[in-house]
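Each of the two complexes below includes subunit A, the first together with subunit B, the second together with subunit C.
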Partner chain A sequence: MRSFRTSVLFRLLGALSCLGLVTVAQPPPATAGASNLTIVGLDNDEFWNYDFYGQTVDAGNVDWAVDLVFYNNANINKVKNALNPWYSQTGGPKYEYMRDGPIGTFQWDQDSGRKITGCPPTGWFEHYRVYADPSDDSMYNVYYGYYVLGTTHFDYNDGCSGALAGYSETAEGWVAQHSGEAWGTNRVFYSCCTLYNSEAFRTETAGGIPHIWENDGNATYVSVP
Partner chain B sequence: VEPEPHSPHAKALPILLATVLVALGSGAGLGDRAYAAEPTNQIKSAGQTRLSDLGFSTADVVQSPDRGHVSFAFPPGAEQGPDNWYLLNFHFEVEIGADSDGIALVSAATNDRSAAQVQFETHPGQSVKYSSLSLIAGRTESTSESRVVDVRFSNYLQQQGVAPGPAQFSVSLEQIGGARISRVTLFSDTSFEATRSSPFSLSLTPAKAINPTPTSGRPFYVTFTLRVQQGRPVDSVAITATASNGLEVVSPARQDIGSVGDIYQGRFQLIAKRAGEYEVGLHAQSSINRPAATVRVRVVEDHASRVTPLFVAFATVLAGVVLILLAGPLRARLRRRSQVRQ
Partner chain C sequence: VLSTVGLLAAGGVLFTAPLGAQQAPQLPVPVSPVPIGAPMAHAPIPTLSAKEAQAASRVVAGNAQLNKLVQGVAYSVSRVGPWTREDGSLAGAVVQLEFTQPIDIENAEWVTADFAETAKTSPSIRMQPLTVRNMSAMTVLVDLGSQQIISETPAPPRTTRGEVKSAAGPQSVELPPGVTIPLKPSKD
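Moving on, here comes the complex of A and B:
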């Protein structure tokens, strides 16, 4: 299980930045900008390594870095069902663009994801989204089996005044922990494999709220039985 | 303000629906023979091996807390590609409760690596929608008016689901929401199939014969056919030809084809100065896979090109001889005309 202490300083800086205390030199941009937006291949399949606010591939239109891969026997319904004890509420829709190799063309998938609670919330709550070819609810190749992709982040005062969002790496750790509780800890491989989407800790603004980046570029893989 | 660690147990909701793992062979009337075939039951390295060949009889699979399995063995040296591939031909039947209202997933795996996942969407009083995804058929979606649904599904096994020696085949059932599956029957004609056919959808086939027979000094064509599996178009297709020493590709050595939706036939023009045995390499690229093929070409001597100069020389000599033979009488005739005028 990842340690929360490692990111305490960053989170403190993030909190300060949210209060406008450490962003004097460089005002945050109007939207969140990905540092390493690119297409990643898994065997014969491909996907963009961030999800998007809308159906436009643009580094200035991203939401969060892809940091979860549920594989082997995964399926969107199955993942959400298994994690439902911890994440039973839905959020707002975002989009991922991917290609399941044998099908041959890139497709947009939309997911609102699941999170701990809805509005009115108090405090921080993890929120994950999972994506796959929209017609299949999963993707398949001989190396990963049936798999889906996921993004994570924390919401704070989601949809209410004083809202913040971010800390993907920390949220990834929590979703990974719950995945281990659902399917077995030996099936969870924390931050094992790069998806080339590391993001230095910083605060931007997206959707009118602070967007706090935190991602090591390595996704957690979960082998779903 | 920072995210605080949550206590997952404090916030944990009851598990709404448990994953139900189904034990093969734990049903009534099903003996040990079906439940645990001997690991020495090795499947064939070519062709099909049915579960019945492994000692398994068609059986109702009954819900069980334990994951069931059929033991078998892959042949020595078995691996998933690149030359030899293993398929699962999964045949089962589900009986869906009349009050079923949710999603059910029936999966099958070798060595805990899933190669089959069929999703059933059920609602009371409505037809059953079921769908699947495989490297053979792509996505399929069907509808059944009956609550008893017979399913045949084929797919390539996962790479890590194939390894030499003892292995396990397992089936599992997961019910989400209010799904109620009252029966899953696994049929003994479910089989493993060893094949040399790649799971990748673009195939390249060169023509078996080159007509007319290539001759030295004259261009000839090597033709090829690119095919994709039905309903699975392939993008960014290009093909490149390479020739062994002494053989030259006359046409552009690379052809950018673009998208192939069904079948594409093309050709490369080549020429060899001398007779001999040559090889032409065809290398296709695509968004999916990169099939390649080698064409062996036998180029024969161009006899016509050797005959023509000889014929010209012979004709020239013949014309000269004729001219010489005719020259004497012609000269005499001219001399006689000249004497008459004087």
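Moving on, here comes the complex of A and C:
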């Protein structure tokens, strides 16, 4: 069924590519810091529980905690297309590092995500990013089926002065609500499953923008039909 | 009466919920993954002492400009946390205020901070006119050194997780007519 995914040649190419990326990139200065950065795994898949500002795994180089899992029959484009009525604009790139399956090696995926809008207009607007094995834009295991990982946050005045970012837990609720409107509320499990990445309420100035942390450590899972 | 209701239901006349909702399958709750190894070490993140948290709340409560901005509507301090600089050192506190009722603020001046990307530079503070409607919470940054508020913003609106939202309607933040805001390249 997923024979192309298990091609040893493909995995080897992915591993070589991955190694090149890891060694070249350096973290930019003044990135945010995670309280609980760790690898989590299930059925031979593994992923870091935060996304990263650049392609370096470091607790001082994170962007936001992973707080969304779209599973069952999900891939990147399917999720973005379904949520496009609410989130049609793109943002800037961030990165997640993950390993899909028993044969796969850790690979970086980059996503700029989707958001409502930048500034102007003023105000808070949600922004989510979704990540998966870049070879086919989905992860797979027997528990989740085809799945992708996501982070969320709000941007305030993004593109204007006085910008802030954060409130992931609140943004998670909005993306979850819109997911329910897209696929049915019975497919949304709000903050159901721990990813061990809780963050207390705090503000960290990072890259010239206050980064307002809040995360309960539990991701919302959405079963994509 | 019960038999009449039963007959109506049997005839397909009486519905208490949309058909789609009745037919929606109950899905099993997904399982969580497991952590692999210990969390990666990071430089200690500063915390606020109880005294510092109380001091931040006092700065907010005693600030005449903020009290005028919120028009005397009652609020509670729902959360207080540390605010750190680019180098990780403690600068002050982030304070979240929850209002007893959503409030509208027409064309008022909000304390706004623009941060430089260096640890050694203090943010520049200016006043930004905004019109905000249906605000139920507010985020305030307090400099504990100078005992001053350096940033006021409405907090983002919360979802009620699929339930009917408050009759107050959605929160909006707008520039009053004729007011501009300086542009700055997006970082996100």
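Throughout what follows, the second predicted complex is superposed on the first by the 190 of 225 C-alpha atoms of A that agree within 3 Å, B and C clash if a C-alpha of one lies under 4 Å from a C-alpha of the other, contacts with A are read in each partner's own complex, and residues count from 1 in each chain.
Basically, a contact is a pair of C-beta atoms (placed from the backbone, for glycine too) under 8 Å apart; a residue touches a chain by one contact, two chains touch by 3 or more.
Keep in mind the model is a prediction, meaning the values are calculated, not measured.
Peer 1: Does the superposition put A:V142 against subunit B (first), subunit C (second), both, or neither?
Peer 2: So A:V142 only meets subunit B here.
Peer 1: After the superposition on A, what does A:T203 contact: first (subunit B), second (subunit C), both or neither?
Peer 2: A:T203 sits against subunit C, while subunit B stays out of touch.
Peer 1: One more residue to check, A:N77. First (subunit B), second (subunit C), both or neither?
Peer 2: first
Peer 1: Quick one: is A:S88 in contact with subunit B, with subunit C, with both, or with neither? Answer first, second, both or neither.
Peer 2: Touch partner of A:S88: subunit B, not subunit C.
Peer 1: Report the partner of subunit A that touches more of its residues: subunit B or subunit C.
Peer 2: C
Peer 1: Can A:W108 be said to touch subunit B (first), subunit C (second), both, or neither?
Peer 2: Neither partner.
Peer 1: May I ask you to decide whether A:G123 touches subunit B, subunit C, both, or neither, giving the answer as first, second, both or neither?
Peer 2: In the superposition, A:G123 touches subunit B and subunit C alike.
Peer 1: May I ask you to decide whether A:P225 touches subunit B, subunit C, both, or neither, giving the answer as first, second, both or neither?
Peer 2: Touch partner of A:P225: subunit B, not subunit C.
Peer 1: Where does A:Y156 make contact in the superposed view: on subunit B (first), on subunit C (second), on both, or on neither?
Peer 2: Both partners, subunit B and subunit C.
Peer 1: After the superposition on A, what does A:V40 contact: first (subunit B), second (subunit C), both or neither?
Peer 2: second
Peer 1: Following superposition on chain A, which residues of subunit A contact subunit B and also contact subunit C?
Peer 2: 123-124, 143-144, 154, 156, 164, 167, 170-171, 174, 177
Peer 1: For a test of understanding, state which residues of subunit B touch subunit A in their complex under the given definition.
Peer 2: Subunit B residues touching subunit A: 1-6, 8, 11-17, 19, 80-81, 103, 105, 107, 109, 112-115, 117, 119, 131, 133-135, 138-139, 155-159, 172, 174, 176-177, 199-201, 229, 232-235, 287-289.
Peer 1: Which of the residues in subunit C come into contact with subunit A in the complex?
Peer 2: 24-27, 29-43, 45, 79-86, 88, 91, 94, 96, 112-117, 119, 128, 130, 139, 141, 151, 153-159, 161-162, 171-175, 181-188
Peer 1: For the complex, which residues does subunit A have touching subunit C?
Peer 2: 29-30, 33-42, 45-46, 57-60, 69, 71, 91-92, 118-124, 127, 143-144, 154-165, 167, 170-171, 173-174, 176-177, 180, 184-190, 192-196, 200-210, 212-213, 221, 223
Peer 1: In their shared complex, at which residues does subunit A touch subunit B?
Peer 2: 4, 8, 11-12, 14-15, 18, 44, 72-73, 75, 77-78, 81-82, 84-86, 88, 99-105, 116, 123-126, 133, 135-146, 154, 156, 164, 167, 170-171, 174, 177-178, 181, 225
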